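For clarity, chains are labelled A, B, C and D in written order, and residue numbers in each chain start from 1.
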Amino acid sequence: MSDIKKVVLAYSGGLDTSVIVRWLQDNYKCEVVTFTADIGQGEEVEPARAKARAMGVQEIYIDDLREEFVRDFVFPMFRANTVYEGEYLLGTSIARPLIAKRLIEIANETGADAISHGATGKGNDQVRFELGAYALKPGIKVIAPWREWDLGSRESLMAYCEARDIPVDYSKSKKKSPYSMDANLLHISYEGGILEDPWTEAEEDMWRWSVSPETAPDTPTYIELDYEHGDIVAIDGERLSPATVLETLNKVGGANGIGRLDLVENRYVGMKSRGCYETPGGTIMLKAHRAIESLTLDREVAHLKDELMPRYAEIIYNGYWWSPERVMLQTAIDQTQASVNGKVRLKLYKGNVILAGRQSADSLFDESIATFEDDAGAYDQKDAEGFIKLNALRMRIAANKGRKLF
Amino acid sequence: MSDIKKVVLAYSGGLDTSVIVRWLQDNYKCEVVTFTADIGQGEEVEPARAKARAMGVQEIYIDDLREEFVRDFVFPMFRANTVYEGEYLLGTSIARPLIAKRLIEIANETGADAISHGATGKGNDQVRFELGAYALKPGIKVIAPWREWDLGSRESLMAYCEARDIPVDYSKSKKKSPYSMDANLLHISYEGGILEDPWTEAEEDMWRWSVSPETAPDTPTYIELDYEHGDIVAIDGERLSPATVLETLNKVGGANGIGRLDLVENRYVGMKSRGCYETPGGTIMLKAHRAIESLTLDREVAHLKDELMPRYAEIIYNGYWWSPERVMLQTAIDQTQASVNGKVRLKLYKGNVILAGRQSADSLFDESIATFEDDAGAYDQKDAEGFIKLNALRMRIAANKGRKLF
Amino acid sequence: MSDIKKVVLAYSGGLDTSVIVRWLQDNYKCEVVTFTADIGQGEEVEPARAKARAMGVQEIYIDDLREEFVRDFVFPMFRANTVYEGEYLLGTSIARPLIAKRLIEIANETGADAISHGATGKGNDQVRFELGAYALKPGIKVIAPWREWDLGSRESLMAYCEARDIPVDYSKSKKKSPYSMDANLLHISYEGGILEDPWTEAEEDMWRWSVSPETAPDTPTYIELDYEHGDIVAIDGERLSPATVLETLNKVGGANGIGRLDLVENRYVGMKSRGCYETPGGTIMLKAHRAIESLTLDREVAHLKDELMPRYAEIIYNGYWWSPERVMLQTAIDQTQASVNGKVRLKLYKGNVILAGRQSADSLFDESIATFEDDAGAYDQKDAEGFIKLNALRMRIAANKGRKLF
Amino acid sequence: MSDIKKVVLAYSGGLDTSVIVRWLQDNYKCEVVTFTADIGQGEEVEPARAKARAMGVQEIYIDDLREEFVRDFVFPMFRANTVYEGEYLLGTSIARPLIAKRLIEIANETGADAISHGATGKGNDQVRFELGAYALKPGIKVIAPWREWDLGSRESLMAYCEARDIPVDYSKSKKKSPYSMDANLLHISYEGGILEDPWTEAEEDMWRWSVSPETAPDTPTYIELDYEHGDIVAIDGERLSPATVLETLNKVGGANGIGRLDLVENRYVGMKSRGCYETPGGTIMLKAHRAIESLTLDREVAHLKDELMPRYAEIIYNGYWWSPERVMLQTAIDQTQASVNGKVRLKLYKGNVILAGRQSADSLFDESIATFEDDAGAYDQKDAEGFIKLNALRMRIAANKGRKLF
């Protein structure tokens, strides 16, 4: 194995990455730096310190990245109304570039020449981590143990730990779940197990962040969201930080049965996979952002955004957050959000996010023109005739020349 | 007024178009042919015959177009997962080209030299009717009374009727509602009245086709939809005609509180307008079609469809169904649907359309590759390294040359 | 005619707009402000002053807008490699928004309530003038005499002048040409006359700005262009202002027979029209800009630009320079140009613009990787196998499932 | 090395692929089937038979694929006006899928379990060959010797031959050229050598298919091309097969100095590379096809084609001819070509392809409307006012609400 001296590992403290710490030490004979981030996955990150120390790790990074995550990644993505393949809110995808960035920053700080992660060779996450790392530090080396070793099962990992006295808290390991899960402030995902058959409905007790619509309260919850430049800055009049906005919406959304999704998606590595997702806050944010844009964005700008969105979503899904094409599109998207200010009122009820109102000092809705009542000459209906006639001209000429449309 | 001899009028039998019959007779001194279509608006069309006859109309067309509407317009549109501005299912837009086509067919049959309709000069429908008419019969003349006359209010229309003994059943006129409404088998829409303030929530008693999520049944309804070439051909195992499919879905959807929408949309004529829509069956169809496609469509084809969809939606919304660009896109969309076959299982519950399963003999989901378990060599994880490295190459070169991404 | 008090007219000093001055005075009984701009059309603008004064015009604006035209309109457009319908360099289109902007600025300065122009009701220019004017000053009134009067021919215009003693220099009027022409620093265009038959080749003596390839010099001319942020800042080492860059390129291009074009194009108002264009400098700039981008732009950014370009071109052609969607796209385009720096060497010879070299300190071309010689491990050819295999995976799965591609 | 029994090799008869025959026999201990195709590269293919036989090859395929190449690959591609990165006519890219298809057909006929080719691990061609092969026969194995062996230079290849008595005609080997070349009926390409410096101009004696503009005839050549459904079917009135069309255009184009190109392009594998190309016939075809489309295609269809073209070009360049997304786009493109019929007249002169006329029975050019002369009421200029006013409405509302555009 190549001559790596120090590697920064994205370390969760769980079974897999604990094995990786030791495996790197044993096989690459290199120093391991661990990096554990709180991105809102809902688990304590501090315990990772003791575990890492117990394995002889000298440099241990434990960061609370929740505000950066929402402010610099989640919010910019939602400005584009980003949805992958019509439904997926990219909860996993959007967390990876932040991890990649921190891995590289820590590699720079610690003088490490490599990074490592616990993503498998079949998934999208390896791509997202590594594309980001290469884009930010082109000479970095990447060690992806799952592509190298032959520890293919949970049993072999546990055997590896026992043989080497690696401290793992088996009782808390999320791998006990029959599902492969991933969580951050935007969502929690489930894959594997019985989900591998797309005909099988997910079991109710799989879901962790939301109650079912059936068990959600029988009375709706109303909330009001304040937007500035496309981002939510306050809920029900209370100004909140980005992470607090998302935490709050997750709580109220989950309590109302909002944000469950069951998908077959197309991975960048070429296969289809089945996944279930809970994105309570994100589901609310998408609906609300479209609502405030409906009032404040120009039609052609809104349509251009809609046409560019699938590409932007694909770029993020495929792991190209840290790419010049994402930066180019982001520049365009952000430019449009200057006027996306105002207030959205929503009714949350048993899985439904129902729009209850929107208003804005930057509204382009002109009641005096749109009205069915007398508009006092604001709009001259006779203009429509010329509008239609010239728009029809090319088709009339074609029909005159004998062209058929069916 | 110009020398028109015979005009075919899209005639509902209601107040507005009854006034138009007489107004055309009086002002254009021309023969009026009435055309009344059942496109699933939920009102009897046969009574229009007696009313037209009472006004001296000689040639009266009353057609049941429900099957043609769903088969040749609604279904093709849903093959593209068509949504305008992220939310609107184009219920009004998609009915207009069929009306335009029949108006022209009838003009051809009756030797009429003009058509007429009751759409106002502020809306999209005038554009949709007239673009279609001009595209199909370039020499046709169009009379749009709302752009010509000065009968601007319901009161002046009623006075016009009384002064001329025009038979109108005031008690049944849908104009009694405070809303301007439009209905067909795909949806019912509401505009005007208190909706003109986008901050005001719609009143519960406005909605006509669906119960509220609150009053919907407390137990879910499961349905299974069979797809062939992108279209639904059976529900719960029973083979149904296109119109019956949609009627059935409207019924079960409406009963479960599904398909309400509250929007501010951008009209083609340049203004924003507020509308509320009920599209129970369409809401179910969109979810289900995406689900069956997720299993059976190639990734790149699916993404291309997603990128083209906003344009396709805009084309339909703006009234260009009968245009060569719509035909071009339809050709591409339809080509992709050959493999879109299989079964989708849905759970309907209090406003939610929840995916419960999908299966297909044409599935591209390969469990043997996607599995988290041992895949017996179906996928070589080591391939991922080269995949990532070459995908990262351009960004590594750029970073090596000093390019920054933030 | 409506109660207009003062109108700003885009005044060339020629026959048509001289008639318009008087026609406005006579028919609208309003004060006329004339605005004459030098945008490089190659005619003196100062004589317009005396003519306007002779007709009693009090407020006369004569501006040299050449630098602003190239710096703020032509250069930004060329950053996108803008071409309409595959060939047209938008020479007329790009000048109109500047005129519209100045008309509105002058209307604001002089307190005018209307603007007027000499464009006909069949062309694109009326749209470009008026969309710009409305976008910049929504309450402005627009008088388009060609859509109002019945002076349909040159003869009736001349009769109008004679009857009213309007001073027109008939001998210099460009209308003597059988063609309708338009010129600015970017191009000169020809329409009408024998060009109305698309099968007829343009006559050699029509062309004014370039020699024919046949009569161009027998020895090539080499030039070197320096780029900064996507714009040319120097020619053959000499730093030049934007307008001087374009003037210089027009001269050397025209002398080498470069930039003639013969087109049938699709007008925004719905008809096809035949036009001939000479764009010597622009033709050189397009070739050179692509060359410097080929070295300095990331692949995906370049491809995104190429995909967005036709839309951007259409926006400009149709008259939407002053629109939020153009601003949005411009923001994205400009963002990409930070690295578009370097030098391009061209060989100009008898109509050909031949690339002779490009270099850049911001080059992303990496000889050490691209070389056919030994690359010392800079690129591992074995990576290609995994790259190909994963890119092929979706298609292999599909083929395994029996999908056919032909 | 894996247990391959029989491999089909794309065999040119030159040095590289001759080495590969023996290398496969020696290293894989498998039977080699050679496949040599005439796709218009301008070299005899029959001599490959004796060479293959001399190395013990039993199954030898030698095919003339010129007609299939032009009819099923080149012509469909030109229907889209396909250009990669603004300039490259995809001459190499478009030949690869045909070779891939024949390799697989021969593998099926001979029961081979693998294919092999002589493309390097740095280029696009390996991707094009292998993606095609995998898409058409998902279980096929691929041997890419350049990614496996250590014969990195021409010297080591020659040493390999001499050591094994491999018959190579050194004097004719194109590798003697300092350039890496590739040719087929559409083009010839040059890479490597002094071209690796993008600032260096190509030497005149590199070019093989065209004279320089300087040495081209002093008098122009006129040709007329007849189009049917987007394809050229006759030149100067003589009906010709697809391959003969292209051969004829190559001859006349090359004789007039047409079709040279000097590019830096972005390879799919992630690097930029410099290449020179001669595409005389293709350059003529692109110009002519745009001309006939300008007369016969609807505006919106033409614009949609222009927007989709860069993606279509990228798909072909990257090697995805045999993909469902290419088939989807091709279906749309081909649908538009039904009306692309007519005649184009061109003037060829010293590197220039100058349009001299176009005509079509399917022309949508309407002289009676487009004319500057009296149009007898075919077009009502007053319609333009309403057209402009409604198109401006959204911008006027925005400006009224205080929005700024700069």
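Observations
What we mean here is this: contacts are C-beta pairs under 8 Å (C-beta built on N, C-alpha and C of every residue); 3 or more make two chains touch, one makes a residue touch a chain.
Molecules present, by chain and UniProt name: A, B, C, D = Argininosuccinate synthase.
All figures in this text were calculated on a predicted structure; none of them were measured in a lab.
The chain pair with more C-beta contacts between its two chains, of C-D and B-C, is C-D. Work out the mean CA point of chain A and of chain C, and you get 42 Å between them. If each chain is reduced to the centroid of its CA atoms, chain C and chain D end up 31 Å from each other.
Chain centres here are Cα averages; for chain B and chain C they lie 40 Å apart. Residue positions 266, 269-271, 298-300, 311, 323-324, 327, 363-364, 366, 369, 379, 382-385, 387, 389-395, 397-398, 400, 403 of chain A each touch two or more of the other chains. Judged by the touch criterion defined above, the protein chains are all mutually in contact, each touching every other.
Considering their complex, residues 298-300, 339, 362-364, 366, 369, 379-380, 382-387, 389-391, 393-395, 397-398, 400-401, 403 of chain B touch chain C. Chain C makes touch with chain D in their complex at residues 81, 85-87, 120-122, 126-127, 130-131, 134-139, 142, 144, 146-147, 152-153, 180, 191-193, 196-201, 213-214, 218, 220, 260, 262-266, 269-274, 290-291, 294-295, 299, 302-303, 306-307, 310-311, 314, 322-324, 327, 345, 347, 349-352, 354-359, 363-367, 369-372, 374, 379, 381-385, 387-389, 391-392, 395-400, 403, 405-406. Residues 266, 269-271, 298, 300-301, 304, 311, 320, 323-325, 327-329, 331-332, 335-336, 390-394, 397 of chain B are the ones touching chain D in the complex.
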